Structures are given as structure tokens and as C-alpha cells.
């Protein structure tokens, strides 16, 4: 007895394309889902590249024009894993064609674009998903459970950092992620967007922000062609860096919570340091993606004398998602956050529910990004 | 242009069967190998179970009798992922049939069995592999590279622990892993065998050992049927625990190195604490599988005042295996150690080399296990 | 042959009085100084209290009126360890009397007071010291040495947190530290002042700040009398909390460094989490006072494959201050930061140099505190 | 109203002499004791050295012959802080003179000596103290409280390491600690003795042991004169190292607990790594002296999903000893373990109780050291 199929067309085959493809391929291996995922079409402009990728990643066919993918009546889901400057056109077209839209974050390169996308999706009446994959980390899902059940009490603080160091060398080339026309922004959309989603997910909506953006290295050697950050090589010509190297902001959010946020690609020594700490009246949690299988938890109600931050290995059968994989202490990795996210999304779709987070949440995220940019310009607080 | 195929039949579909299957399925997705793996047959006694597993894990066909799998002329590799009591018969038959034998560790339930297997494989002249998957952890492979290049100097100490706590409850049932007839031993073969392999791999051969075995809980509730440790349920009848709950030994190994080894299923709080520390004249390394993406390294030749254990995230492109997965700091997990091991093995087979570690190394490992058992009985040192 | 004497009168005998007294008593036991410290007079308003303290702490005599201490011609140093509202009057009088002034931080309860003090000290031509004791932590002094020698390169970021949780209980009483009239401010002067000093010491001067202050609990039970935070007991009457429970600010400082600062008494689980991280073009350092004997250091110029944050135990003979105490790994504690600070100050005085940090540095610190307060009010950036 | 006095004569003024002196000088500053300590006589053979030390450490007078100190009728306590070869003669004479004897560990250089000392003390009927100062670490005292109250349940395992690396350089000179005639043994008495005391204190008496001793570097450059390890300088002549560089043993102790012990001066990277882990049926604790203010604690009875090792900062007012020092998170150091030990001892003496641990416990410790040495020789288990 075969299950109904969810047929996917994926636009983009670089870093995110690899992660999404792996998730589609593996999700049914670990989760007993109500639908099977059919990996039909992988789309990319370079035919040799997309064919090789399709072969490695396990897609049936390839395409060079995303419009053709949208026109394919067999395809249920259009998954957008391209750089930000292409999201709006693809997503709007997909929504207008009645497709389910899955989209990388941030959903647009500007608030205007994000609003267009969200409006088109809303108008289509179809479900959507935004790839805030970190929500589907067992330790973060555990934190969510704890906060939702009141275990942390009233939330006083969230402090979130997303720190990397891959461009501190001034001769590192001007890859597309450093080009505002393609990427929309630098650390703000690439990194802080994740922290914002975590904050919205765990604490609540943003009320106001006050922040700054900064570019340490103003120009860099050009690269011949757009490439992912791993494969870029320098040229002798130089060009202007048009995005932020670091973004910092303060915030009031949730029900009276103070937030501090910092994203940087100049935090020497930090590789993928997506860390947050939340302090509440009854307890606290700390998370760092580089040790993504662990959640630090402080219980203010532990008996006197034995209070302390404990390191929970969120790998036990009763932890969110963890029971689908390996025994306790046999950790999972980055790619599993995508598998978990897709497992939840497929289940939601099969049950007629909206996946989470959907495009409206992507829009809410973008409103915060936009407010931070405006705050940088106005050098003061901006309300949301 | 299609690659040559390596066709596999896998015997056993529980915990290890799942891990091996995933490795076969994923290895070509991350590594550009000279051969493709064809997952032909999954074998298990329970037809419903093996069929469900084959479907989920991605095998073409199933079988209930491992002899049939060995008889299949298409199959190149017989992979043995069953409990230890069945290894000898299957492995010898497979070797006699001229198959490549891949086998879970320890290769036998006794030294006699291990010798039989190794002899049969040697006689067959075919390659073999033993699943000491931890060797294929990037951080451990990095440690190997460092030690092999002399970066740690003369090795003074190795101290290795493999600690778990899943049976401290006296009402936890008598699962097959606690039955000597099936499992061969308790912590010794299940856990210490991994530490022994690490020591052999990184430091050298064992010269002599002196150890002890201990069983804290002598009898436990029976389970109705053999089950993996995750799914077992207690019964009202009780049976004798016939394996060790903890195993401890001292050793002299390598070129004058002192070793201390401890394995336990009664180390409350430890989940999969496969940890070792190696101290050499020029530096030291520390590893803990629960944080398998990290290697601690102390360089005795760092400038005065700045010496300290550093936490290397072995996730950079130039670290062993790591470049095949995700960007730095985007960690991998337990299952990837199997993928890496199989990537190496497939490459070796394609190039006409022996995979590593092979059955002779499995035998060397078993000699240490046997020596520890004899040392326990004689209450003194045993030479190897 | 006896050494010259530096005779001290100490005003205040609570928490800081205990720490200063211990430093004076112990400094000559660990450091071979050019002058001996003579602990002559301890001053406090409560005669029974001050006598008991003088006896325990090792002072020769007591006084109830600080004016009397200033009048004593034998006394060289007036050390002010009272709450902030009394600093200005005492410090100005002491400076006018030609005394050397040692003062707790922040030096005043307002910028106006701080300016008065600094002016009086400047006019007196006498040396001075401000108790930014954390500078004299071996690990921080090591960081200073590394940064000063260029080992970290150009500094991109400093992020500093000083987090505690001792008043999250809304029934915790309104102790003097929560009263603006006495304490001047809450976390800003008590905690952030330390982070500001660290930033000024390690990175450079502040150019502009943008921050916010927040009070989570607006009123609390009164206490009958002013008491130190340890001994306070609640009453049935309630009073207004007039200081900040948390203070947060962004900054530009040094030569293009971005700074983020956060101080809180509502960071559940954090006890004395005085932490900073500094990222430079060649390396990074991380410090947390709760593990004050350690400095984390990342060297961007370590060989590829072996880079990582290393934990330096700053307890070796060649580390700053450490050689005066115990062998490596035999750690020192909070009180030793005061001993080290006084050892440096006594040496400086004996050699006719100004101790560090002196009152001008205290004033520079207060300018930052003041700018943060103004930024809170103006809801925008404030230049320094 | 002055308190009764406990008058002390201290034999030895090197490393331990400094630590004991500091404890006597400081104990009354932090603890409100029923007796005052009077630091009367410091004894050492080198007159210039002992006078300088007495002046720095705060002793009233000096002596060159320990017999004179014992003859002094004012002196209540003879404190022996000299190398092990002198303990027996001094301790026996002191006991015979009716003095209270405080003695460094291990109490003798052999079991015969230890028995003589313990017998003399027993015959004298006077109290005694052995300097197992680590018992008086707040975190260890907390562990004791937890274990004694049953919080850890039945104890399965103790694994204890005391690792250092100060002699891995083969040109490090042959200081007295490497001379069996003076030091009695190497790591065994110097380091393992501490681990043994911790095990006896926290878990129970040793039943049997099986161990080994090893010397990595057999000869070293001589030093001109006996010196403490810090000040030694090499010579061109070489001499034999007559003590162990590493000592390892397995044990059965307490009520069915398995123990593993390892001490080494060749554990590269480890400075004062006095670490233990204890696993019980209800929980576990982990301690490392390099972070002596912390105790890791795993509570097996924490709610499902939130179990994990927690880091208790044993610096809160209600933790053992901690309330006498500084606020929570303001850590103490190595020297405070001696202050705490003396505070307890003085209190016990004032109340007519025996200090803890006393000479009988010192003897019990030495029995284990002796059994390990015999086990090394016999290459098998030795009962106690």
C-alpha cells in the first residue's frame, strides 16, 4: 500500500540546495510520514552543474528555467534555495500558479519584496514554509517546550549571537554574499535573521529595536563568477563591499523581555556560533549550535546548594525528534535540522495544517530586519 | 557513464543494520567514489520486520536465510550486523564462498571464533572490514595524523573510558546484550573493544594487560523475546546476567606507553562517553564522542604563557572527511562515522587495497579482549 | 633594616572594606614590596561594628568620623570603600588635605561629582587609585600584554557581559544598592563600570554609545536599615526601586572597534558572570571571572587544522602576578585581584609613579556611564 | 575579652610551610573561632632562609633545631611540613613530648614509619591532624554531604586522576621529590595519596588493590642542593631517579565500589588535574581541582528530558565554608583549603574533639600506598 506523494521541485543547488535535497531524501528513512516525498526536478542555470548535482543529490530530472518547474502540474512544492534577489519573482509566480511555496530565509531582499511574497501566498490560499531550520534542532525544540509550559517563568532577557569569522582576511574575495544586490544584506539577513526567528519562536514578537550595521573591510578582490563561499577565488580587480560585516541591535520584545543581538563575520575564532541565552524568573537556557545536541538549563527551583547550569544531551528517545535517530549520546548534526523541519512540514501538509514557520512568519522576521536597518539610519529606536 | 558497482547483502537490521544501511545509502551522496554501492539484499529472520526495514532503509530485496544471501552470485560484500554469536558461522561461510566480508565488532564471541574467522578470510584471499567506525571520526582521524607525524612526540599515556548508564535500574530487563551466549561479553566487547581499537590505531599494539570484570546486578527481569536495548520490556520472571557490567584494565602498549581503560554501563550520567586522552612528550589530545566534532589539543611547544588545551572544531574543509559535508561549524553526527568508514573501504576496494581496519585487526583486538578476561580470572598480568 | 611605611586609613568596613583590608594585610606576604603597608585606622559610623571589623581585619585603631582620619598626619592614604553617595565629600576633603586618595568605583554618583573629585585630586598633585581590581587578574593582565604586543592584531569586537541574578525574587528587599540616592545607579555603576574599565584598558577610549536601562521590579519590601546585600531582610512596607535592574549599550571605541555591553541582576543562573570576548584580526580572547584563572585564546596564525580556542591556565610562574602565589594549577581567587592591585599601587608610589588606574581614569569611566544614561533618555546615540 | 590561644611551631618553610603559615595567619580573619592561633616559631636549618620566611609569613621567632621547638612548653602544636624522610623522627618525638601533632601527607615514607607515628600519637592520647587539605574544598565537602545523605545512592564507581606534567623534560633536574630516600615515593605519595584520601572520605575503605608504578625517565641532571621544585637548576652530573613518574591502580572499596586511580607527572597539558568522578545509583559528581569552586552533579531523579550534569558553583553562602569568604561567584583558591582545614581543626580542638583527618586516617591512607607498592612487585591483587 503506497502512500500519497508530495512532489517537489527545487530551485538552486548550492549549499542550501544540498541541505534541502538531503532532507527530502532522508526524511522518509527516519520518520514514518503520511506522505512520501518525490524528488522530481532540480533547477539551476548551469546545465552541467545542475545535472551533476541532481545525480548526486538524487533528483529525477533537471531544469534550467524555474518557470518550467512551476508549470509542471505534477509538482506540488516549489522550494526556493537561491540567493535572495531571486526569491520574490519565483515565489510570487509559484504562489500565483497555486503551488505550495517553501523558501529560504530571509524571504526577500527587502520588506517590500517580503510583503509581495506573503501577499501572493496569502492570496493563493496554499500552505508555505520558511527555512528557519534551527527551530527543528532537538535542543531548541526542547527549550520551546520548556518555555511554553512555563518552566522558565517570566522571561527577562534574551541575548543572541551569531558569530563567524570567514571573511576577516581582507583578501577574501567579494563573493555574492557580500553584494547587496544579490544577498540583500550581510550578517543581518544571513545570520541575525536566524536569531530573530529563535527569539520570535521562543520569546515573542518584537516591539522596538535600536541597532547599528558596520562594514570593516570596504573593498575586496573581485571573483570572476558568482560562487558559494567555499569555492571563491580572488582576482586582481577590487570591488565595493555593499553589505554589513556586523549587525548589532537592542530590542524590547515578548511581554517585557530585553533582547540583545549581535551577528558578525569578524568574530575571530567563532565558526558557526549561533548562541542564545534566555533568563526567566524560574530558570534559564543556553544554546550554541556548534554543540547543537546540548541544551544548558538552569532551574531556579532546584534545591538550595545544588543549583547550576546542567548540560542536557537532547539525544534521548523522549526529546523532540531525537527518538527517530540513534541511541542517546549518538549525536546528530546540522543536516538533521532540515530533515526534522521537512518531517514536520510534510506531516502538517498531510494533515491539512499550515507548516511552521510559514510565510507570514517569514514576513514578521523581515519586518525586524527592516526595522534594524531603519534604526541604523535614524540612529535611534524604531517601533514595529 | 556509469561506475562499477559494489553489491552488498546485509545480515541484520536492528541498530547496526540501520547505521550500515544509512552509510551505504548516503556514501555516494557526499563522496565522489570510484564505485557505486548497490544495496541489494537485507536479511533477517522475521519476514515482516525485515521487509519493513528494507523498505525504510532502501534495500532492493529481502531474505530470511543468510545462506541464501551468500549464495547470490551478484553480491560482492556480505555485511554482518547481527549479535556476536552468529558472526563466526556467517563470516566463515561467506569467506569460504569467496565474498568480501564486512563485520561488526568484536568479530567473534571468543578468541577461538575470531581466529576461525580471520583464518577463513585469510584463506579466501579476499578483502575484509571490521566496523571500528570511530576511526572514521574526523577528530580521531586528525589525532591519528598528528600522532603519525610526530606532533605529539613520544607517547607516555593513554587513558580511555567508554561509559554509559542505561542499565543502572535493577528492573531494566535482561536484553540480549546482557546474555553471554548471545553477546559474548558485556561492556568488554561492546564498549572496551572500541577503546582498544582506538589505542591500537593511535598508539600501538598491546604488550600486556591486567584487568577485572564486574557485574553489579546479578539477575534481572526476563524479556519475552530478543530485542534491541531501546525496545525491551520487563517480565515477572528473572534470569541471570551473564556478562560484565563494567570492565577495567591497565596496559603496557606501543613503545612504552601506559594505558588505563574503563568501560561501564553503570556510570550514571554518562550516555555515550567514549573518551580518551593521550599524553606525549610534545603534546596531548583529548576526545569525547558526545562532542565528536571537537578535538582538544595541547601543544607543549606553544610559546610560554599561551599554552593550553585548545578546542579544535574538526569541521573545516581541510580536516579529514569534513570537507565532504557542510561548512565549518555545521557539525556532523554519529551516522557519518559509518559513511566515512564505508567511503574509505569502497575506495580501497576499487583501488585493490585492503580496507582498514580489516579482519586481522579485528583479531588483534579480540586478543586483547581475551587477555583481559584471562587476567580477570588469574588476578594478575597477562602478556599478549 | 626596615622599609618605609605607607600608612592607610580606610573608610567603610562592609564587603569592600573586607576586601581592601585583606589586600593590605596580605600584600607584603606575597610580594616583596619597597614599602610596608601600615593598617592604621578603620572608620565606620557604628562603633561596635567598626571595632569588631578592625579587630578581625587587623587595623590598629578605629574612628567614627572620616574627617578625623583625614586630619591624622600619620596617614598617607585615605581609602574610600563606602557607598557612592559619600565618595565626593570624602575624596575632595582628603585631596584638599593633601592625602593620597584610593577610591572604590564608580568614583562618584554622577558625572558632576566625579569631575569634582578628579579636579580636587589633580589640584592636590598627589597620586590616586581607583579600585578597578579586575585589571589585576592574572588572566586579564595577560590579555592586556597580548593585545599591547599586537598579538591580537586590529580589534574588531568587544562584547562584555556582567550578569548576576541575586534580585530576581520580587520579595528581595530594597537594599541600598537599589536606592539611587545612595548607590547612584544599579547595574550600570555596579557592574557595567567594570566592563567599561576592561574595555578602556584592553581596547581604548569610547567614542559614542547608545543604550537603555530597565527596571523589572519597580517596588520592593523595605529594609529597616542600610545593610549590605548579604544581610538584608524584608519588611511589610514597600518602596520604589530607583535604579536600573539591567543596562545595555552598544558602542564604538578604540580604533574602530564595535562594542556591546550588558549588565544585569536578572540573568537567572549567572552569579558573577563578568565575561568578555575580544576578536581581533590575528586572534581572540575570552574571559569569565567565575573561572578567573583561565584565559581562552584563539590564535588565527596557528597552523591550519589545529586552530581552536585554548584554555590557558594563567597560573604559571611567568604569568602576571601568578609567580607570587602557588605552583601552576593551584588557583587563586577573587581577593587576590585586590592584593595584586595594591601591590602595583604600592610599588608605583614607592617609585614616584602614579598608580593605575588613577582618578583621571575613574573620571573617564564615569563619562561613559553618564553618556549611557543620557542615551537612555534621548533614545539615540551620544558622543563622548 | 581575649580568646584562649593555640600556639604553633612549624617545621619547614618551603611550599607547604608557606601554605600552612598563610592558613594560620588568615584563619581568624575569616572564621570566628573559639581559639586564636599564635604563630610562635618557624623552624628551618638555614638560618637566613628561615628568618626571611618567618618575617614574610608572620612568625614571632625562628629555630634551626626542631627539637628545640618541641621542648618549648608554650607550644601546643608541632606542625610538620618537611619532606617525608623527616616526618617519623619529628612526629614521634613531638608525640612523646605530649604535643598535638599536625603533619603533611603522606605521614611517613613507609608503612613502618607511618605505624610508628600513629602508635606514638595514639599512646600520647593527644589529638592530631593530617594535611589532606582537599577535603576542606567547598565543592568536595558538598559532595561529602550529598553522598552521606544518600543523594547519590549506592556508589558503583570512583575514578580518580591526579595528573601533572612538570617533569616531562628529560633535563628537568633530580629534585628531592624524585629521590626516594627523601620523598619516599613519586606520584604515589605526592599525588595518589590525595586521591586515596578523597576516595576514603567520600566512598569508604579500600578492600584490595592491583597496580603498577612506572618511571619514564630513569636518570636526570643533579641539583647542587635540595630545593623545592620551583627553584631547582640542572647540573652536568646525572643521578638515578628512584621514584615513580606514574602510578596506576584498580581497587575494590567501600560497599562494592570499583575504583580506578592514576597519578602522573607525565600527563602533558595537565597542571594540577586532581579530578574524580563518582557514579551512584541516584546520581553522580565530578570534581577537578583546577576549577575547585565547581562541582558537577547529575541527578538521576531529575524529571525526564531535563537530566544533565550541572555545574554547581560552590560559592553560595549555604555551601560548606563558602559563606566565610565572598559573595557567590567571587571564587576562592588553593590556599583557602588550608584555611578551612585549620578552621575545622581549631574548632575541634577547642571543643575537645579530634580533628579530621587525624593520624589514624593518615595511617589508613599509607596502608593503601603500601599495598599498591606491593601489588606492583607481586604483579597481582593485594588485600588490605
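Think of it as A, B, C and D in the order they're written, each chain with its own count starting at 1.
Just so we're on the same page, contacts are C-beta pairs under 8 Å (C-beta built on N, C-alpha and C of every residue); 3 or more make two chains touch, one makes a residue touch a chain.
Because the structure is a prediction, the values reported are computed rather than measured.
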Margin query: Measuring between Cα centroids, what's the chain most distant from chain A?
Written below: D
Margin query: Per the definition at the top, count C-beta pairs in contact and tell me whether B-C or B-D has more.
Written below: B-D
Margin query: Need the CA-centroid distance for the pair chain B / chain C, whole Å please.
Written below: 54
Note to self: Quick check: how many Å separate the C-alpha centres of chain A and chain B?
What the structure shows: 35
Check: What whole-Å value do you get for the distance between chain B and chain D if each is reduced to the mean of its CA atoms?
Finding: 41
Checklist line | For chain C, residues contacting two or more additional chains | finding: 270, 298, 307-309, 313, 316
Notebook entry, point to check: Which part of chain C faces chain D closely enough to touch in the complex?
Noted result: 15, 19, 22, 25-26, 28-29, 32, 56-58, 164, 166, 229-230, 270-273, 289-293, 313, 315-317, 325-336
Note to self: Can you tell me which positions in chain D touch chain B when the two form their complex?
What the structure shows: 156-157, 159, 161, 163, 165, 168, 210-212, 214, 216, 246, 248-250, 256, 258, 260, 262, 264, 266-270, 277, 279-284, 298, 300, 307-309, 379-381
Next item on the list: Sort out for me which residues of chain D touch chain A in the complex.
Entry: 142, 146, 294-295, 297-299, 302, 304-313, 316, 318-319
